[in-house]
Each structure stands twice: as C-alpha cells, then as structure tokens.
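A, B, C and D are the chain letters, set down in written order, and residue numbers restart from 1 in every chain.
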Amino acid sequence: MSEILSDSWRYCVGTGRLNLALRADYLESLAMMQKDIGFRYVRGHGLLSDDMGVYRQSVVDSKAHVRYSFTYVDQVFDRFLELGIRPFVELGFMPTALASGPETVFWWKGNITPPRDWGEWAALVSAVVRHLVDRYGIEEVRTWPIEVWNEPNLPQFWKNADQKAYFRLYETSARAVKDVDAQLQVGGPSLSPGADEWWEPFAEFVARRDVPVDFVSRHAYASGPAQHVPFGTYQTLASPQSLLDQFAAPRKYLASTALASLPVHITEFNSSYRPDNAIHDTAYQAAYLAPVLVGGADLVDSYSYWTFCDVFEEENVPTSVFHGGFGLLTHRQIPKPAYHLYTFMARMGSQVLARGDDHLVCEDDNGRVTVLAWQPVGGTDAPDAEDRHSVKLSVPMSGPRAFVRRERVNEHDGNAFAAWRELGRPRSPDTKTFDLLRDCARPVASHQSLSIVDGMVALDLVLARHEVTFVEVLPVHTEEHAGLDDRRLLGVSDDRLVARW
Amino acid sequence: MSEILSDSWRYCVGTGRLNLALRADYLESLAMMQKDIGFRYVRGHGLLSDDMGVYRQSVVDSKAHVRYSFTYVDQVFDRFLELGIRPFVELGFMPTALASGPETVFWWKGNITPPRDWGEWAALVSAVVRHLVDRYGIEEVRTWPIEVWNEPNLPQFWKNADQKAYFRLYETSARAVKDVDAQLQVGGPSLSPGADEWWEPFAEFVARRDVPVDFVSRHAYASGPAQHVPFGTYQTLASPQSLLDQFAAPRKYLASTALASLPVHITEFNSSYRPDNAIHDTAYQAAYLAPVLVGGADLVDSYSYWTFCDVFEEENVPTSVFHGGFGLLTHRQIPKPAYHLYTFMARMGSQVLARGDDHLVCEDDNGRVTVLAWQPVGGTDAPDAEDRHSVKLSVPMSGPRAFVRRERVNEHDGNAFAAWRELGRPRSPDTKTFDLLRDCARPVASHQSLSIVDGMVALDLVLARHEVTFVEVLPVHTEEHAGLDDRRLLGVSDDRLVARW
Amino acid sequence: MSEILSDSWRYCVGTGRLNLALRADYLESLAMMQKDIGFRYVRGHGLLSDDMGVYRQSVVDSKAHVRYSFTYVDQVFDRFLELGIRPFVELGFMPTALASGPETVFWWKGNITPPRDWGEWAALVSAVVRHLVDRYGIEEVRTWPIEVWNEPNLPQFWKNADQKAYFRLYETSARAVKDVDAQLQVGGPSLSPGADEWWEPFAEFVARRDVPVDFVSRHAYASGPAQHVPFGTYQTLASPQSLLDQFAAPRKYLASTALASLPVHITEFNSSYRPDNAIHDTAYQAAYLAPVLVGGADLVDSYSYWTFCDVFEEENVPTSVFHGGFGLLTHRQIPKPAYHLYTFMARMGSQVLARGDDHLVCEDDNGRVTVLAWQPVGGTDAPDAEDRHSVKLSVPMSGPRAFVRRERVNEHDGNAFAAWRELGRPRSPDTKTFDLLRDCARPVASHQSLSIVDGMVALDLVLARHEVTFVEVLPVHTEEHAGLDDRRLLGVSDDRLVARW
Amino acid sequence: MSEILSDSWRYCVGTGRLNLALRADYLESLAMMQKDIGFRYVRGHGLLSDDMGVYRQSVVDSKAHVRYSFTYVDQVFDRFLELGIRPFVELGFMPTALASGPETVFWWKGNITPPRDWGEWAALVSAVVRHLVDRYGIEEVRTWPIEVWNEPNLPQFWKNADQKAYFRLYETSARAVKDVDAQLQVGGPSLSPGADEWWEPFAEFVARRDVPVDFVSRHAYASGPAQHVPFGTYQTLASPQSLLDQFAAPRKYLASTALASLPVHITEFNSSYRPDNAIHDTAYQAAYLAPVLVGGADLVDSYSYWTFCDVFEEENVPTSVFHGGFGLLTHRQIPKPAYHLYTFMARMGSQVLARGDDHLVCEDDNGRVTVLAWQPVGGTDAPDAEDRHSVKLSVPMSGPRAFVRRERVNEHDGNAFAAWRELGRPRSPDTKTFDLLRDCARPVASHQSLSIVDGMVALDLVLARHEVTFVEVLPVHTEEHAGLDDRRLLGVSDDRLVARW
C-alpha cells in the first residue's frame, strides 16, 4: 500500500529582503522557479525596514505626521500572488523612526532594536495586517502564517538577545494580529540553531499569559565557523542527518508542553549559513540535500530553503556570478545543481512506492513511475564519495515494454559551475556567456526502451560523483502502422537496419 | 521650404538613481516609454554609489583587497541597450570606501565628498570606462557622453561647493577617460540653475591646463521655494520662457571663450525641482512644457526631462500613487499628461511646416500632416488660462477629402490625475483601480472627413482648459466598390441613411 | 429583490468551419475575444469534412486501408481548451470517401449526402467520440453538447431535405454516441428558420423508437431575400422581436410532447444570414441585437451568435477588410460595434436591478452598478431612429459621491466601419491603417463625479444615433491627504483653481 | 588564408502551398526556425490558386465583375516580413476562373492548365506585382526573385508538359513583371530532375525573342520510384554526390549560351521527393545532407530545402506526427535531425579554416572556432555505415587552455524519431508526449577544458552511427579570484577535491 508523497518540501522557500522583490532579476527567477517547482509560500526579512517605506513620518513646521504606506508592500505581494506564491509573513525589522536604538544587522542595515513605543508598534502591526486583509480578503490572509521577528536569540538580530524583550514583542504582535481577526495564524520564536534552551521558557510564557500561538518555528544549518578568504568563505559541514536532527528538535523539546501538537516550520535551512560559501554552487550541495528533502516531511510541517535566488545583499552586492550565494538560481537565472534537485522533486509522482538511503520511488495513478536517486555524501567528517555509485531498483509497470528517460546532474552534467570554472571563472559574463552557462546547466538526458518482465522493469543506475539523477518510466501503448517496416528505410529490405536504427 | 524637426527633445531623459534600474516597475515603464516615445539616452545619479557595488573592498586578516565589480552595472546597461536606450554616463557619487568624509545627499545617502585618494579615483574611473569598452565595444561607448559629477556648485551635492576641488575632480576624471580612448566624449560641469558665474572660471581652467572637454552641461528649473505640507510641497512657477532662457545661458556665457562652439546639453529640466509637487501630475504641466519642447532645439543640443518615471527615492519612498513625482509615468505605468505631450511629439512628421505660440505643424514625405496645439500658460504670475482656447490652421493636402484624427489631453480627457481625484485619491489602489486609471489616462480621440479646398484643409481646433491636442491629417485614396450603396443597408433605398450613417 | 443575470448570452458562439481554427488570425481573434468576453462553447461546421482529415483511406495494391486520424482535430480542440472555450460538437458534413453522392454546399464544398454505408458512419461517430474521451477525459467530454448535422430541413444542407433520412442519421449517430458513454449529451435537429413543421415528427420519432435526445436546437435569422451587388448583398430586416419569437418557437411546438422540458439551444442566430451583408459591420447591428441579448435568456438556454470572426469562407475568400462578414471581429482583429455590445455584457454585474426597452441595470456584491443602454431600432419596417435618444435612470449607491465612467459606441464613436468609410474604404489596408482602424474602434470614454442623493445617483444619458452605451458607477471611499489643497497648485492660493481643475 | 563561409545554404527554404502560411502551427514553426537558423527567402506553390482568393469574379445579373484581391496574400507576406524572411515568388498555379481546363495536381487541386485568356493572365501578373510594389515598396520587391511556374516539364504540373505553351507563359509573365519595373528579377524554368534537355531550347527561346531572364532554376532529388505501403512509401536513394551533380547541371548545359553567367537557384532539393517517406525523419537524413549543405555553395547561388515544416498537404492531411514529411520540423515543432544540421550550420563561424569529406571547420574574428563533423553515408548502393566514425582535427587557439562544447545528433541523441518509436509510435500524441518528444529532440551536449599545445587544440571526435556533431572551441581568459581554492570546499584542505571536482 502506498503512502502519499508529502508537499512539505515545497511548502515554503526563503528570499533576500523583501525590497529585493521589486527587482526584475528577482521576479524573473521567481517566475521561472514557480513554473518549474511551484513553492507555496515565500519568507524573507525586512517587511517593516525603511526601504519598504511602511512606517513614514513627514515633519512640517516641527510637527510629525505619521502615515502607513503600502506602495512597495503592495507591489511585492501583488507580484507574489500573480506568480502563484503566498507570503509567509515575517514581522520585522524595526523602522528607524520607531526604533529605540541605532543597532543594525547586515550590509543593508536592518534595525534590530525594540520599539521605542510599544503602543506604536502594536498600531503598526495592526495597520499592516488590516491593510492586507482589506486588499487581499480575509479568506486569503488567513492562509498566510505570520512569524514574529527573526532569530531573537542572537544578539546580531535582536539587541542583547534579550529574551524578556522578545517575549513582550511576541505578545504585543500576536495580540495585535488576533485583534484584526482571530483566525489569522501567528507564531514564533524563529530560533537560530543552538538555542533549544529557549523552547521551555517560550512555552511557559505563552501558556501562562494565554498568548496566541498557532505554530512554532526555528532554523537549521550544518556548517562550522567561517574561514574567510577575499570575497568568500570556506566552512566545515556536519552530515545531512544533523539537519534532520535540528528539524526534530522543536517537537522533542516541546513534547510535554502545551505547544506539543502545534505545526512546526523550519523557516530557514541550508548546508552553510554564509551567502559567500561556494559549496552552494556545487553538485555536492544537491547530493547533500537530497536525503534532507526526502526525509524532512517525517519530522516537520515545512522546511524552507534559504534562499531561492542569489539576489541577496546581506554581505553587500555580490562581485561574481558564482560567489557562493544561497540561491538555487544565480543572478540572471543559471540553475545550480540544487535547483535541479527541487525540479526533480516537483516531477515525482503522487504516491511513494519505496524510499532508501539513496533513492525515492513514486508512482502516479496513470502508471507513470519516477525515481530520484543520489550518491550519499556525509559532510566534512565522512569519507569522500567514490567516483561511481550504483543503485539497482525494480519498479512495477504493465505491458511488454517501458519507455525510460533519465536526467543527470553531477560534477559534469547539468553543472554550470563546472563549466564556469572551465571558462576561466568570469565574474561578470557577457550575455552570450550567460546563455552558454544556462545551456551547460541543463541536465543531461537519455532515453531507452526496456523490457517488462513479470510486471517489473529493472533499473540499473550507475551514478557519477555527487550525482542526483531523475528517472521517468512510462507505460507504452503501441499503435498500429500497417505496412511500416524500418528495414526498408533505404528502399531495400535490410535486416541490419532494424537491429541498429 | 521646410525645416527638419530636430530630435533634441528626445536626445536624453532623466532617471532616478541607477540602482532603481534593477527594478521591474522601472523597466516596464522604460520599455513602454521606448515603444511610445523612443529616447536616445538616459541619465541618472549613483553609478558609483555603494548600492551599485562597483568599488568593493574585502578585508581578510586586516588586509583590504580591492575589487572593481560590475554585477549591477552590467545588469543595468545591458537592459538599457536591450530597450534601445544608451547611458548618458554621470560619474558619481563617491563610494564610501573611497570618500574623504561622511556627508551625503538624499534619503538614499549618496556620498558627496571628494575622494580620499585622487589616484584611486582615477583608477576607478579608468577601470569603469575600460570595462564598458571591453563589454560593449569601443564604437558603441564612444557614442556615450560622460559627465563629471552633478551640480558641484551646490553644497548639497559637492562638499562646500568647492570649485577648486571640482576642477580637480573634472581634470582627473576627464584625463582618466581620455587615457582609455581619446575619442570618448567627456564633459561638465553639470551646473544647477543660478550658477552662471561658474562658466568663466571653468572655461579658463580647462583652457589653461588643456583639459579635455567635449560638451558642457547645466540644468534648468522654474519653481520657487518649497512650501511644505505633509508628504508634499507647493511652489510658485516662473514662465515657460524662463526655462528657455536658462537653456540659452551656457552659449551666452561661453560666447567669447574657447568652449563657445561645444555642444550644450541641458542634462536636467522640469517645471519644479521637487519630487513631491503635484504640478507634475497635471494637464497644466503638459501645456506648460509644450512650448519648451518645441522651442528648446533652437538653443541647445539636448534637454533631458527629469525624470521619466516615478520610481525615484530622493525624498524617500513615495506614499501615494499620485504624489507629485517627476515621472512621466507613475508607479505601475499610468501615463500623466506630460507623457502624452512626449508621445505626441514622437508622432509628429519629419519636416516643420509652421510654428507658433500655440502650435507646431509638420509633414511627412507621404503627405501626412500632423499638428501639435496647446493652450499657452504662463506660470504663477501670468493670468489664469481661459476655459477655451481656439487654434485655426490651414494645412496642405492633395485630393478631394482628408481623414482627420484628433487626440486630446486636458483637465478631463486623458487625465488619470483628474479621475484619481474623483475616485477619492486612493494612495495605494488595487489592481482593478490601476487598470481603471490607465483607461482614464488614454487621450480622448475623434475622427472625421474634411473637404480639401484649393489644396488646403481648414482645421478649427477649440481646446479645453490646459489642453494639449494632437491632430493627424491623412490623404484619402478612395477604392472602388462597384454596387455599394449605403442607402440600401436596410434593404430598401433610403436617402436618410446615406446622409446620416 | 434582484435576479441573477443569466449567462445564456455567452453560452455559445459560432465559427467558420473547423479547419479555419488552424489559422493564426482566427486564433488571435479567439484569444482576444475570450479575454474580453469569455464564451463557454464554440460551434462550427465541418468536423468530419475532408479538410479535417478524419476519415482517411490509403489504397495500396487496390486495397483500401481505413484510418481515423486526428492530427487536425486535436490541434483545434487542444487550442480551444487552452483558450478556455469548449467545443459544441456538430457531427457533419460527410467525408467524401463515405458519401453516397457528390452534392456539396458552400465554396469549400462540404458534402451534404447521407453515408453510403450506415454502419461505417456509426463506426466513424463512435471512433471520433471515443478518441475525444481518451484524449480529454470522460468528465470533460460529458460537458460537450453533440449536435447531429446542420439544418437538414434545407436541401442545400441535406440532400433533398429528406426528413426520413435525417431521422435515420439522427438515430444512428445518437446511439453511437451513447454507446461510448450514456452520459454524453446528444441532440438535434438543428433546424433552420421556417421549419417548425419538423418539431412534431421529430418528437414523435424519437419517442416512438426511444432514441436518445438530451437537447433540441434550431437557428434564428431576421433578414429577407438577398439583393445581390458585386461582392455583397442587401436585405430587409424584420424587428429584433422576430428573433426572440424564433427563440420561443421550439418550446411552443414541443409543449405537449415528451421533449417539452429539454434544454433548447439556438445554435445560430444573427440579423442577416448572409456573410456579405454590410449591416453586420454597423452600429445599427449592435443597437439591433442589444434587446435580443438581454431578452433571450427568458426563452432559451443559449443563443449562439453566428459568428465570432470574419475568418469565414462559405462564400469564398473575402475581398475587403469590411465586407459584411458575420464576425464580431474583422480579419486582423478590428472590433465591430457588436463586439463591444458583447464586451459590455461581459462587464455587467451579477444581479439584475432593472430591465427595460432601452436598458439593463445590474449590480455586484461590492456595490458597483453597471448600465447597458441602447437606442431601440426596429428593422426595415420600423420608423428610422432619431438622432438622439434619452435614457434617464436612478441607481442605488452609498456614500456622498459616486465615480461614473461611460463608454459609447455609435455611428461615430467606437466605430471602425465609419472611419474606414472616411478613409476611402481601402480593401486591404496596410499595417499602419489596420492600427489606425483598431484605434478608431475603441469606444469613446468619459468620467465624472456625481452626487448621491438619498442613496441614489441620477443618470441622464443622451445616446447618439444607433448608440449602445455602457456605464459603470462606483462607490467612492475618500482617503485622507492632510494639507493637500489644489488651490495651491501654482504656489499661491487661488480659488479659481479648485473650482475648475 | 581563409575563405568566407557562403550563405547560399540558407538563401532559401521551401514551404507547403502559401495558403498554409495562414496557419498558426506553420507560423510558430517559421518563427522558431528564423530564430534558430535564419533563412533569407521562402518559396512555395499556390500564390494564384483559388484558396488564396486573388483572382475573383462576382456574377450579378449574369455579369461577371473581376476583382484582384489580396486579403490573404497580404496576411502571408506581412507575416513573412515580420519574421525576417522574404518571398521567393512563384507565379502559379492557375485560378480556376482563368483556367483553360479542369486538370489539377495534388490533393489540394492546383489547376495546371494554361490560361484561357493570355491577356488576362498578363493583367493578373501585372496586378499582383504592382500591388506588392505599392504595399512593400519598390526597393524591397526588387530583392524578391520571381519564378515562372513549377516543373513545367512534368505533365502533372503543366498540361501535357507542353514546352511551347510554357515558353509563352514565361514570356508573357516576364514581360508583365518587367513592365511594372525593369529592375524586378524574373526567372525560370523551374525544371524537375531529368529534364536537362529543356535548357538549350529555353536559352535559345529567350535569346531569340529577347525575353527578360535574371536567373535560372531547377530542382534536385535523389530517390527512386515510390514503393507504397499504407500511408507511406519507401524508396531507394542515390548518393549525396548525385544531388551535387544535379546542382551543377544548369551551369554545364548553359555554358555556351547567353544565360551562362546568370545566377542558378536550386529552388527545391531533398533526398526523397515524397512527403510520406520516413527517411526524412531520421538521423540518416542529417548525415546524408551534411556534405550537400557544405558543398553546394561551390556550384550554385542557392539550394532550397523542400520544405521547412510538415504543415504540408500535397498527399492529403498527414495521419501521424511522424509520417515521413519533408519538414525540418513536425507539426507542433518537434525538430528532426536535419533541423539540427541547419542550426549547426547557422552557428558556424564566418571563415572557413578547413573542409573535408566528414568535416567543416570555421572561425570567427574573436578567435572562436567551430566544427561540423558527420559520418559519411552513401545512399542505398553504398556499404552501410559503421557503428562508429572517428574524426581527428587540430584547430588553432591562443592561450593555455580552451573551453570545448559539443552537441550530438545521431540514432539516439537529439533524435525524437527514435524516442517516438520507443514510445510505441503514437500517431496523435497528447500535449505531454509532445513536450517529451521535444525534450528528446534536443542534441546531447557535453563540455570540457582542453590544453592548447603550440597554439593548437587537438579534437578527437568519435561519432556514433549516422551522427552529425557540432563543436565550439572558445578561448579562455582566466579571471583572478584571490584566495579561492577548490580544495577547501569542505572546510579542510583536501587534494582529492581539486583533482576530481
């Protein structure tokens, strides 16, 4: 009996700050990704930061006039919805005019201090949510998760990592949201890795004060400290399993609390947490993530890849087309190997037939069978991957023969990063070279006809180094073409032709 | 004998800072405008400002590695060229890492201080120009004017308005440009209005030191001091002629200098210099600018409207769709009346038949005659415009009858600002209201058949308040349709039909 | 209490023979129409005619191999569905290879004879329906009405108008359809006007032999005999009411039969039945059809305008862009006045507030009120229309003021046919003139702000000759803009401005 | 010293009858092909056949009114020019209303008889040419070759293959063309293979009567008699050289005549002359044609592949997506192997470096080197091709390393026909299968970095059975990325990585 393939892997995806969603390159990447993959939600920082222009003051004759403005928020959310993706709303960072201090995070200077006036913060949250409801309708906005702030346990993101202040922010925000409509979904605390000691006090706080909470959230990363080189970093990597362990943590720590049964969202995850680590550009990254995508749904309700494209400026403007950015796509839409991992997942069938350490097999109602297979890799401490990895599978199929199509991504195939290195690593390629790189990024495909024996097709897949491979097996219904005889293609009957054409 | 209609009016157009050219809304406006109007060049600030990421440092182990990076410059210029418009390059403002001080201009904080190291500035200019030549070819880049800085005579734009420091900047930059290729075109000094005392020293300086200069440039605005209201301003306006007087100034002041015969570019002009003055949104603006567009070519080589669209952030993010922005187009492409003035100009014929205080008449080789007519307005001090203005013209045409089509823009017709006021001035309209406003922005059109008497068609045009009107007169070649008789449309011959259908 | 506005007026639309649906011009017209109007079904002749290549024979060594082929049928139906319109299937005409005689109809020679072998006909119908079900799914195809033949009561369309042979064709076809799936919808007899004497025998026949019938169908036209001129015709016209009377006929004649409660589809209607009568190109046609579109839903389940575009060849290839074709659109998509009548209907609200001889008023849940108004015209025998027609209405609206937008189509406005006559009636315009004609075809629009008194807005509409007008009345929610004062636009406070801008 | 690569191979391409150019599928194929290949001219039959509606009569009261109509001609030629391709005009076949007899050719019944009135024919030719000049301008139309009729030496195409009647047709037509403008280009006699005995009398006739002739034309095919099977044929094939021999024939036979120096156009060529021979769908066809495309320019001014797409109806409507049609593209744009041969040619460099029996090497000014290589095949009589074919080449390149990209088309790669057979040969695939077939039609690509030794790159290409391969060799300019070290990708320095990533 088959299990339904969960959609958790594409429930949400991360993005650079929301102001970047005004850009053409960003939107072209999003449109391409939605067509190829189809995420449900997108989450990013900066909804309330100055460059979105929401909380505005105009001072005339020494008097400040406050106005909530949605010029850019509407542009961004209108486009998201047009492209079939919904906002996973993150409330933050602090508008400068409402901030209690000057501290900021990132090159783009998101203010990370508590509000100077908690009532004005509540009014701002209320005004934003009310505007969204007015514009998009209450039924729509009720489907948008609203998360309070980002990684408040880190002093880079929340002044002094002040837990008490965060709990006040959470309560103020959650109540402001629910005052607009009680069915809106609010949650937190958006913890970074290594902060599991926050779960218990958070659960205790919301229970004690009866603060609304509809879901909990945290992040997961597997990399060690940054080893800086000019315009880049290297880092050690823990195993893929370490990511799954992080996914599992909230349920574990909340097991005996009132929050035990809430949905858990991993609102950010990746191998490395640095936007300048070249690992993101490699086939290794795809092989590394494959078991995480396949296994994550057992543990949580969603896990949001951080981030979908390289239009991202936390560490300043990237100086090279491949620069180790988080993106599944580079600037100007060159797919990285991890992008293909996601597109392969999007083409898997609806029901799971088999799962293993190096494969996932699914089928559809119409008999189509799909296989995702990968070479297992283990992070820095695991033995290096072999040059070849063999996956043998037997999949069900009716009829005498099946049509099999395979697409491969590895250190050579479907690998624009490899081609870019061979091309001399041009930092800002001309448009022809961009076209060439996009061509080289296409998975290499082959097709064949296989016999079906006892209702099964035997697949003997040899994977190259760091390969992720996708196989589609289709039933064949042969149509009649009376008189057709390929031996006669050259006008004389030639048995050699039918054997070899 | 007819005169060729000069193209100076569309030689150049202004834009918000170049980083904004990464945005989708901006590029959609630019694409629409290039299709409808077709400017040759676009000029804006901020090529070297931090958000373009050109001059980059990466500090590792206390050592700074400098890199010139073109990730965004290439994106912006590639798009410009794809859309058929070339950069009118403005060198500025100062990268923070190369600045001698912290002073900035605008909400987006362009650094306005001299370089801390003049050799590094020269190296930066050289690297940028060399990259452009490598990417786009020397033949192409030789057609791009390169202007040194912006309004150095104002302390907001150049620290202390230090003339001597500007002359050093000019010389350093111009020599760096010419060292790449002697045929590249460089110029300045990009003066603001009210700075004509700079012309003589500038001319003296470049002559004395034999500094390269291929063109001179200044700006022209006609508005008085800003009277602030929340999120907006009002200002008095001098007459349209005052703009033409400003156009004429460089030639006047340089008449007896070595620069007397250089091309003169008005690299910015508008009625008001404020991006929050509602006059820009009105039909008045179109009527006001009409004689400037028609007359400017007598005085200078180009005059660049500041700016083509409302994607502009010098005074922070706009808080309302109509907010008095400079744009010919609002966010999301609602044409303002001045946009239509430009589209009408773009449809004028190639040769001038007649010009007057309220009209321009042109014709094409194929006999098509076009008329631009407007109601003259005078600025704050002039008597208010009447409710009607009559323009009577006689234009040449062959054959017995002409087809005449007229399009009107005034306080009601082709006026989205008027409709927006009637709709209650929604600050952030929903997408249906945007569609409605775009519909209301379309000029109102009519057509008719007129007799030709003695080779002339008499046009008796009555213009409404603040109207700009466009008329196209086409020769008619009647084709034969034997047996066709409109009197018979209802199956019986009825003379009433032919008279009235 | 309001009544829902029925969708019957756009349930179906007619088309030239299905082979024409392979053409780009046709598909561009269909795409435009579906965006502007949104018909549900499309019905045309020729599904089984030779140029669709369905019933194919290949003779090799004197032996005929029969093959059912769907190369073109699939192309056509795939496109229909992509464009959001479904086939209203008409079974006919006869493939030459299956025909019992050489008689044909139309320039394109549709064979109108009974099958030479009734079993092969049944097999063909069965193969076609089975293919559609295989390709598009049974749920989809069950929504497609299947009509047997076209106007069998006329000898031009069915050899000798042989009623007995038609009944055999109907029975054979209906049973073949139902043998594929019992829930497929089949009907007939697709009578021309003037054949009501067929209803009783048809009802008697199907009842007696228990032949499946899911709907009945007939056609309606209001024109007299063709008065030929070269490449055109003129005809008298009966009143619009005469069309509604024809709509009502099937229910009247079937009232006491077993078919009394079946759906009735008017599978063709128009003023004139000639594809070369210029009446189709006029504003008169729109005014004439308005009461038919508004009133038809009272009488039948659908009424299908014959036809949506001028890509049509029953009387050979049209020799002029305006040639009196049936189309709502000319070749190359110039909208005729009747096209606008349909787009106006498509923009009407969901509930009917009022109906009259010259108007229809609707509203939506959000308070938007829409008006369709027209000048009544009566056909050849009625007095000619006046130059003006007045419609006064009062419509409900909340708040102090309403925004009103009006669009007009009459003998001048929104009338490309009028402009074409003024342009000298060019038979094959160049592409610029096509653009000009499309511009002239756009309805003329105006907008204004009206006061609401006692919850009502008074509309005083004066219509020009043969006008169809569309009015949209919107509630206004005024937003606050503190400090904004239009009197100050020129920088001094001037009361004249606020009154007149 | 290098030779310029001639453009003759893409000077012209053939098409099904011009009426088919009204179809969407056709135009989508043409647009795709023009983007990928970029032919200069397109030539097809049927400009004057009834379904183009040019010569029209309307009979009213027994009087015939003649009208020349261009409704469809304008649609077709407007589209051609929009898509960047010009008409190679073929005058024919005979409008039924002007024909002297009922004889027709093809399923679509082109009338092949002489005009019943030679004056009316001349008037028709004159009217058509005059219309084209009026619409497109004389400068444009002077670039369009005008060919008189098609294969008049065959009785299928010209009644009785009456040479004298053809000469009269030629003279009448040529003079009618030149009467419109003396610089228009007219030619003939459009001979089929096997008709070289016509050259001398043609040359003698035009010389004797001083008839205008600007070019001569003939066709070339290499297949033997049709061996029919249901809905298909098989034929023997002569060698590729036999096509080149046919190309050479006109110059040979005209060598001593007044026409010796005229341009020679092969206005049709292909392997088989049948539109239902599966050889057209195979990789064999691409390998077969490669030496013809490369060598043809030595012999003639153009050779026009018959035809660019499978939208073609000479033998009735195709009954299967792969059916042996002439097209480079199937219905709905699946590229066949021969399509790729043409796209490879379109990507070759501008100068020829080397040519051989199995290769062509070109280079561009910027140092890019391209290779076209193929496995030689010989037609029915030659030994069958081996499973492998080796091509070793050495090409010039500067720098230490080169980037090499290769694309392959053979019996498996880039071969939708092979995939279609594996899929069970579905005659009318659903849209998903069409997508799958288009995916399978994409050439298989690989890339690598090669060392440059003594300014040369060694290419060792092993081709699979019936392969055509394209190789692009690019110079590499390595950019500096200080600190970058791929050994550190996993955060520890690992020499195994740099060797194998």
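Everything that follows uses one rule, which is that a contact is a pair of C-beta atoms (placed from the backbone, for glycine too) under 8 Å apart; a residue touches a chain by one contact, two chains touch by 3 or more.
Treat the numbers as computed from the prediction; the structure is a model and nothing was measured.
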| item | value |
| --- | --- |
| Fewest touching-chain hops separating chain A from chain C | 1 |
| A-B or B-D - the one linked by more C-beta pairs in contact | A-B |
| Euclidean distance of C-alpha centroids - chain B vs chain D, Å | 48 |
| Centroid spacing, where centroids are CA-atom means, of chain A and chain B in whole angstrom | 42 |
| Residues of chain D whose C-beta touches two or more other chains | 60, 65, 229-231, 320, 427, 482-483 |
| Contact graph of the chains (line, ring, star, complete, other) | complete |
| Complex contacts: residues of chain B adjacent to chain A | 22-25, 27, 51-53, 56, 58, 60-61, 65, 67, 69-72, 74-75, 78-79, 135, 228-231, 316-321, 331-332, 427-428, 430-431 |
| Residues of chain C that touch chain B when the two form their complex | 223-224, 227, 229-232, 234-237, 278-279, 282, 284, 320, 379-380, 384, 387, 401, 403, 405, 411-413, 418-419, 421-427, 436, 439-440, 442, 444-449, 465, 474, 476-479, 481-486, 488-492, 494, 496-497, 500-501 |
| Chain C contact footprint on chain A (complex, rising order) | 60, 65, 482-483 |
